[in-house]
Structure formats: C-alpha cells, structure tokens
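Each of the next two complexes has chain A plus one other chain: chain B in the first, chain C in the second.
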Partner chain A sequence: MHGELSQAVLQNVNILNTFLLLTAIMSVVFRRIRSQITAYFFQSLALALICVQIGKAFNNGHLYFAAGLTFGVKCLLIPLFLLYISRKTMVVKDGEKFFKIPTALMLSGVLIIFSFYILHPISVHAGPLTRTALNCSLSLILIGLLLMINRTFALTQIIGILIIENGLFLAGIATTYGMPLIVELGAFFDVIVGVVLMGVLSSKISRSFDTLDTEKLNLLKY
Partner chain B sequence: MNNEILIISIVQTLILIAISPLISGVIKKVKAVCQFRQGPPILQPYYDLFKYLKKDSVVSSTASWLFLAAPYVMVAAFSLAAFLIPSLSYKYSFSSMADIILIIYLFALARFFLTLSAMDTASAFGGMASSREMMVCSISEPSIILCFMSIAITQKSTNLSNIMSSAANVQNAMFTAENLFVLFALFLIVIAETGRVPFDNPATHLELTMIHEGMILEYSGKYLAMVQLASYIKQAALFTLIINIFFPYYMMSGFTAGALAVSASAFLIKIIIFSVTVGVFESFISKSRLF
Partner chain C sequence: MYENIHLYLIFLPVAFALITKAIRRCLIVEYFSMAASFILLVISYMFLTGVGTLASKTLKSPIFGEGLFYADHLSAFMAFLISLIFFITSIYSGDYLESELKRRVISERKVSDYYFRGFLFVSAMMMVVFINNIGLMWASVEATTLVSALLVGFYNTRESAEAAWKYLIICTVAIALSLFGIVLLNYAIISSKVPGLSLDYSLLSTAGKFADLSIMKFSFVFVLIGYGTKAGLAPMHTWLPDAYSQSPAPVSAMLSGVLSACSTYSLIRFEHIARLSTGQNFASDYFIVFGLLSLFVAFPFIVLQNDIKRLVAYSSIEHTGIIYLALGFGGPFGLIAVFYHTFYHAILKSLMFLTAGSIISVYKTNEITKIKGLFEHHKFLAVAVFIGGLGLCGMPPFGIFFSEPMVLLAALTAKKYLAAALYLICLSLIFIGFLNHLSKMTFGHYAKCHAEEVFECENCRRATAGCRALDINVGFKMKLAIAILFVISAVSGVYMISALKRRWRRR
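Presenting the complex of A and B:
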C-alpha cells in the first residue's frame, strides 16, 4: 500500500503537516483572539487539503466528502461563530496563566520533540506518510492542551480544544486512510455541538459575570 | 577540471556581487508597491553606490586605523563567503572548502569588525547600535548553527556542495517536516541577519530603533560605499544559501556556455522571487519592540 504512494503526494502532505504544526505554534504565540481564529482557519484549511491529497492517493471518495465537511465546518462555520461570540463578549486580548509567551513557545518545541521521541517505536514500523502525520497529530494534541492550560480566557480555551480535535482527526485519516462515513459525520456533529455549547455558555458567563477570565471565575467559589 | 572549477567559481562570485544591490532595489520596490507608493527605481542602490564613490570621505580625527580597515575586511569576508557558496553550480565549486561553519564564521568576522569600527569613533549611536547588533547576533548565531546542523544531520554532510547535490538528486530530501521547519526558521534568521522589519528597519535613521544604520553612521564616501556593498553581498549570500539548499533546481551540471546561461537565469529568477517574498513579508508585519 505504501509502495504505490507517489513522491509528490508525500511531499505535499509533509508540507501541509508542517503547516499544521506551524499554525498550532502560532496560536501559542498570538494574544489577540482574531489572530487565533485566523490561525485556526488556516490550520483547518491545511487539514482539508491533506484529506484531498490522501483521498486522491488512495482513490477514496469518502475523504473528498470529509474534506468538504472540514472546509465547511472548521473553516467557515466555527471561525465565524467564534468571531461572533468574541464580538458579543468584546474579548480582544488574552492573558497567560503559568508561562509567559516566550516560555510557552519553548515549551511547545519541547512538546514536539517529546511527541517525536515517544512515537519513535511506532513510527519506525509505519509508512512514510503515517510517520510524519502521526508525530504531528500528537504534537497538535499536546500543544492544544498547553494552550488550554496556559490561557485565562474561555475563548482561547475553546481554540485549544479545537486544535486537539484537529490533531485527532489528522491521526484518524493518516492511520486509516479514510474512516467510515458515519464515524466522520459523528465526529463533526460532536465538534459543532461542542463549540456551540461552549460558545453559548461563554457568552452567558460573560453576560452574568461581566468577564470571560477563568481566573476570576475561580473566585466565585469563596 | 581544476581550471573549470576556478572559472565557474569566479563567474558565480562576480554574478552574485553584481546582482546583490539589485536585490535590495527589488525589495524596496515591492515594499513601495505594497504601500501604494511609486518608490525609487529598482536600480537605485547602484546609483547610490556610484555616487558614494565620487564623494569625499570624512574621517573623525579620533578614529584609529581600525575604522579605515573595517570596510576592507567586511568586503573581503563577504566576497570570500560569496566565492565559497555555490550559486550556479554545486559541481564546479571549491567543495572541499565550502563548509557551512566556515561561512557562518566569515559572517561573524565581518560583524566583529563592523561593531568594533562603530565603537571606534566613540559616538553614542555607534556604541548603542553595536551593543544591539551583538544582542541580535547572540540570538541569531546559535539558531543559524542549529539550523545548519539539523540539515547536516539529515543530509549527512556539513559540506555545501554535498548538501545541495543530495537535495537536488534525492527525491523529497528537503521536504520532510524537520527540514521544512528549518526553512521557516532560516527565513526568520535571514530577516534578522539582514536587518529587516520585525527586528530592524533599514529605511529609517530613527535613533531609538536603528541597528545597522547606527553602526555605519560615521562612514562616508568610498568607505560608506564599501560598507553598503558588503551588506548587500551578505544579503545576497544568505538568500543564495536558502534558495540553493531548499530549491536546487536548474543548477549547472555540465561545463558548457548553454548550461551556464540556463543556471544563471534560473538563479536570477529564484533570487528575485525570494526577494519579492521577503518584501511582501516585510510589508505585512510590524516592527517588534526589542529595546
């Protein structure tokens, strides 16, 4: 199966994988919520293009459908919804909780190295396409977690969970070369419902308590 | 064979030095177009250089011999780097000498003399700019070494000719995740090394932000022309390093006039595309606050 994979496809998928990781690192660096949403838009676009590339390489029609869904849901629907929420709650900038941005940047590099290291026993047996994509997907998951832990505002934490979801989706298509359609539909439905719920919840929070800062919400306990 | 290597090496050095001011002109023009201005003509850096050569040079009475020697050292170091970097052909170059580490430290040598000469006249701007330059360099130099070592590990050589030939002949040699990250990192390092926008602004002489302009403030006449030419050659050499390591397409394979013409025009096109990319990148980003 890996033998027939053409070099051009491999090269394109490698470039797109790198772009995915790069946008994830950018979202660790950016503080403005609009830049975060733009980075997420480009990340999802790269993911959709990876779907198209793999679908073309393995003649899998499902993957074209998945690419279309990725574009429709993750490039249009979710970014627009997040923009709408950010305008409604008037959040512009975000704060850090534990690490300053340069430290977080270093840490995301460490996480990438860690995920390459920890996946090494698996990736020596995998094909060339799966190898890079699997490494990138674990890195994406860890960086998304870092983003969720390190930021104070709820909207950036939503972006963090979306990056994790992108990582999982990448791992899914890179190891199976096309999941059954029903699984993909379920995953997308999950994301949409999750984002809508979180968005509505955060706009409710901001209306009730006048802030989206999770640090301040912790004070409500006392 | 040895004669051929010598001829091609000299030809590619002369081409690199000749087009180096053009790169600056292209970048200025692209920035002007992005800002909806007409901008100076593309050949303006050449006019400037010839104008400087015609002018008298004024040297401060407190300056030592170092101040006059530094421009010669800089031009010599960067020309040697341009001589060693294969720009048209990796086959016909002094490959046994063209080691990456040597080239990085040739750049460091020139930078050392530039900062010394800036402090030599004891002007406040010179000292300030040198300390800033050293700060930027202390960050960019380890990262440039790290980048090239990462390439050297994947290509199993620190020799530029070997790296370029394996990048050109092995499919997908440079388009793996590791090397693409190196490409992005090198792009940022080149921006920092050539004193471009997020780190330094080549277009202003504002004392609060200037780095490179602050160091060459005391130079005039033919010394200024040499310092400017040295910085143009450095820029061209760094651009050549990136485009020939990552995109070694249409480089010279045989010793014929046709092959030379093809590789020279391909090199020109590649380097102009890269300059346009740098100009566009510079237009869409704001200067970061370093100090």
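Presenting the complex of A and C:
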C-alpha cells in the first residue's frame, strides 16, 4: 500500500486503539448522560490522534485534514450539542433494558472476541495496522449496537450511533488510510445533519411524551 | 444534448425547494409545485428517450468535471419513475393539505414546509440515481433518510414523532452498517493493487475479478443488510409500517413507491460489482432467503390487520420481497420482472396509499372495521380501492399480473422449485387476506348515525354525539391523481406486454 509503518508508530496506534475500545466499554458502563458524552469526547480525541499519527508517518496532508475535521466536529460540535439537548430535556440518568451493567460489560468483552473471530479470514492476510484496527472498528460497531439495544433513553441511542460511526471512521483509516476525501466529507455532513435531526426529534419527543424513555414509545403496534 | 440533463434533475428540485420556502402563500405554492414537478417529469422523460444516444456513460459536467455522475438505462428509468410518482403525489397533495388545513391539523406555514422537504427529498433521490462513486451513493442514500424522516414526522402528533424516531434510528444504523461494507470494498480495491481503480462504479463494473473473495463476501453481506433495511426487507422491516402509516398519504406513496426502489437500486449496483469477485450464486441465495422471509412475515400481518394504511404498508413488505426474489432468481425473466414489478408496484402502491388517504379523510378513521359501505357513499373511492387492491394482488390487466408469473418463470428456469412453491403459497394466502379486507370496506352498509358514538365535530373540534360528517366531497385534484394512476397501470400494463413480445420475437 503506502509502505510499512515504523514500530513506534504502530505501538502508539495500538495504544490508541485500546483506548478507543476502553471508552466504548466505559459508555456501556456509565449511566449518567454527561459521563457518556465525556467518554465520547475522549473516544473522538483518540480517533483524531490516530489520524495524526498515521498522517505524520506517511506525511499525508489528507489525514491531517481528517484529524482536524474529527476534532472540530466530533470533539467540539457534537458533544456541545448533546449537552445542550440533555440540559433542555433534563435527562440525567439512563436505565437498562435487557442486561444489568456487569452482564453488559462481559457481553462487550464477548463481542470484542467475536469480532476478532469473524474477521480472521480477512486479517490473516492484512498488514499489522489493519489487523488490529479493523478488529477494533468492528468491536466498536458491535458495542455501539449493544449500547443502543440495552439502553432506553433517546440520547444514549444517539451516542450508540455515534460510537458506531467512530468505528466506521476507524475502519476507513485502518484499511486504506482514510476513505477518498469527498466520501469522507459526505459522511461527515450526514453525521452532523443526522445528529441535529435526532436531537430535534428527541426534544420533540420529550415535549409530547414528557419523557425521553424510548420504552414509552409504544403507541404503534403490529 | 442529453449530457447535462442529470444536473437539471438534481439541482432544479433544490431551486424549487428554495422558491417554495420564499413564496409561503399556500395556494400559490401548491400550483407552483404542480408545475415544477411537471417540468421535472418532462425533463426525465426526455432523458429516458435520449439516454441511448449518450456518447459515454460517465457524464461530463461543466462544474464537476468528468466521472462524478454516471447514467445508463437503469438510472434513466429510476429518474423517470421518481419524477412520475412525485408529479402525481404533488397533484394529490394540493387537495390533501387543503383538507388538513381545514381540519386545522396543520398550520399554513407547514404547507410550504411540506413542499420544501418534498423537493429536497426528490433531489436526494436523483443524486442516488445519478452518482457514480459508490461511497457518495451511500452518502446520498443517507441523505434521503434524513430528509424523509422530516416528512414522516410532519404532523405534530405523538404517533408521528414516534414513527419518525424509529425510522431515523433504525435506518441510520442500518445505513452505517452498509458504510462498513463500502469501507471493506475500498480496502479490497486498494489491496488488489490494480492501477487506476477507485470507488467509481463505471470503473469497478468493468474491472473483472479484482478483489479478495473473503473481503468481498463480508462487504456484500454488510451492504445487503444496510440497503435491505432501507428497502423494507423482513426481519429488518419493523420501522416500515409505523413510518408509512404515520406520514401524510402522498409521502407514504413516495416512500413506498420510489424510496425503497432507490435503495434496491443502490444494492443492484453494488451486487453487480460484488458478483465479479464472488460469482453469481453467492448473492442470489441471500436475496431468495430474505425475499421469502419478507413474504412470510407480511402474510399474517396482512390477514390480521385492522388499519388501512398499515395494511398497505405490509403489502409493501410483501412486494419488496417479490422484487428481491426476482433479483435472486435472476436470468432474463428475473431481471425483466425486477423492473416491471418495481414500476407497477410504485404505481399501484401509490394508488392504494392515495386512495387510503382519501378514505381516511372521509371516514375520519384508520380502522377497517369502521369503514363500511364505501360503494354506497363514495363510488369513485370504492372502485379505486377495490380494483386497485385487486391489481396489487396480481389481477389482470394491471402490470403486476404479468410480473408475478415472470418471477415464477425465473424460479423455474433457475430450478429453484421449493422457493417457487413457497412463493406461490404465500401469494395466494396474501391474496385471500387482502380480498377479505377490500370487500369488507367496499360493500356492506354504513349507518351514518350512531347516536351512542362520540366523535369530533368538524367545525368546533369538540366531542359531540350524533351523525358523522361522512359526506364531504373528495377533492377534484385527489380524484385526478388517483385516476391518472389508475389509467397508467391499466393501459400500460397491456401495452408493455405487447411491446415486450415484439422485442422477444425480434431477437
């Protein structure tokens, strides 16, 4: 591809990958919406740092640009917007639906192992960066899905989607050092608009249902 | 001459949307949108007739350079279908929104909002159809989700907020999964080390076998789940009946008729690339399984349904299943059936949704058990819903009568006898269930006075007991839109089959 990464860069990226997984697991554990947003902030920060690391190794301006975009959108804009929405709808804590938190914690560990297992046919032929980072990205996607099905509040579901999106972004960096620029811009635009829409909708729901509990969204059946 | 038409189809709707936002007067906006959507229809028809004369399929455009857009007969067909359905729904919307205004369900500002979102929705779908880059096609499909979520949540009711939330969340997650598939495709392209290959469909579709088999398999499965959810395949269909039943009737027609076709279109494009590496049979097995599953899931919900719009929505799941079955069986019959069925499903399903919208505005209820004696009071609606419903189940002379046997033929040529048998059983069971509901609504006697029943008064919006205000007139524009759909489906059903026969003989 673009040549090989040096051992030091690889080590840094792997540490950051671990940090990404850690923050994802933290958001499975946390119940307060503010701590969830903080975890998301650190996750996006780690993602931007991975971009910078790889961009520095290959002297690739495109990746610096992606890092800047990630920092601006995912570390500043989206967390601030989510904080604004959570203050407006006055949500503090979230409840679990299927699994208690210790069980969910173990399940997310199982999901990480599972993603390593099913991606084995791809990662045996892949380079050292792709091997770990692609697995991390699928783990992030699965943990995001777990968060979405296990929590009941609308804002946590938005954070689940954002974690999935981070996983996708990581996959783009891990496999091909970033998707083509125009695709990346399109994806970023969609994320911003999507989060704003979800925020607006959730404040609409909290106005008309007097709650953000998605369990209460059960008017439509069959 | 035809080189730049796609730009008009993508960017004119945006301009129209801004104009409707600027006008704001609801009557002018209605007529303006009708005229504007007619212009789109004419342009896309010109493109459909002229697409064969294009020099190359990758379009050169003045601002964006060459290679950003791509058009062939499939894109022209989809563009025509989108603008046709949009034209008819915008005729219908005039009367529909007026009656909603009269009932004071919506405010006057909402009317121009509605058209604004509608035009943006069309623009996003045209983008899906004409874009060349697979990644940007993904971004456009996501854009259609975002815009149409605004249309689903159009009313300020709790139900519509719930439906819009479910729609937005489920479809966004699904589309995110298909982005993972596209990332893997990009990985496969780069690791194949073929020079000059990028995510452009025009390059990939002629590249031959380029990718690692295991990566492409992963990639295809993720994309199938993503776009399949958006198209409404079971078991990922749970958002669909909610969204279709809570959005305004013309929007349901657009969602069911063309939006699901758009995501099927993206999947067809992707599958065309994937099959170069994975071979023919890999994808078709998935298509057949999901198609049959959709038929199985739709059947009990259609039989037991008591909400007219949800009935039509579940029928959408059934027809999406049929389209995917046709894709899975493949062969010449299967491919013809895909296009044929997509077209007639769009026409007849719009007919059913629009008629259902009118019936609801007459009876003020969605419940099938409360809708009786349609033939007695509203002959036009009765004929439309009964004959249209029969056409949707595959009665002649409507187009679906020809496409459903074609799927069967494709199954028999592909020697998938078990799938063919299950397909036939499901179709006939659904037919019986549908006919039951249709005859319940159309025939029987509706007593106008239920002294014991409390209902909401037309003018004062207070609950009073007495006679229901049943005999309000169905607006002329509503009738016109329904009649156009009716004529198109009946006449062209016969015409197309004879044209097809001539084509067949010539070969």
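Simple rule for what comes next: the second predicted complex is superposed on the first by the 214 of 222 C-alpha atoms of A that agree within 3 Å, B and C clash if a C-alpha of one lies under 4 Å from a C-alpha of the other, contacts with A are read in each partner's own complex, and residues count from 1 in each chain.
Here is the rule we go by: a contact is a pair of C-beta atoms (placed from the backbone, for glycine too) under 8 Å apart; a residue touches a chain by one contact, two chains touch by 3 or more.
Computed from a predicted structure; not experimentally measured.
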First (chain B), second (chain C), both or neither touched by A:197: second
Chain B versus chain C as contact partner of A:21, first or second or both or neither: first
Chain A residues touched by each partner, larger count belonging to chain B or chain C: C
Partner chain in contact with A:7 - chain B first, chain C second, else both or neither: first
First (chain B), second (chain C), both or neither touched by A:39: neither
Contacts of A:187 with chain B and chain C, given as first, second, both or neither: second
Touching partner for A:75 - first (chain B), second (chain C), both, neither: neither
Chain A positions touched by chain B in one structure and by chain C in the second: none
Complex interface listing, chain C residues touching chain A: 133, 135-136, 138-140, 142-143, 146, 149-150, 153, 156-159, 161-166, 168-169, 172-173, 176-177, 179-180, 183-184, 186-187, 190-191, 198-199, 212, 214-215, 218, 241-242, 245-246, 301, 304-305, 310
Residues of chain B that touch chain A when the two form their complex: 171-172, 175-177, 180-181, 184
Chain A - residues contacting chain B, complex: 7, 10-11, 14-15, 17-18, 21-22, 132, 135-136
Chain C-touching residues of chain A, taken from the complex the two chains share: 1, 119, 121-122, 125-126, 130, 137-138, 141, 145, 148, 154, 157, 161, 164-165, 167-168, 171-172, 175-176, 179-180, 182-183, 186-187, 189-190, 193-194, 197-198, 201-202, 204-205, 208-209, 214, 217, 219-220, 222
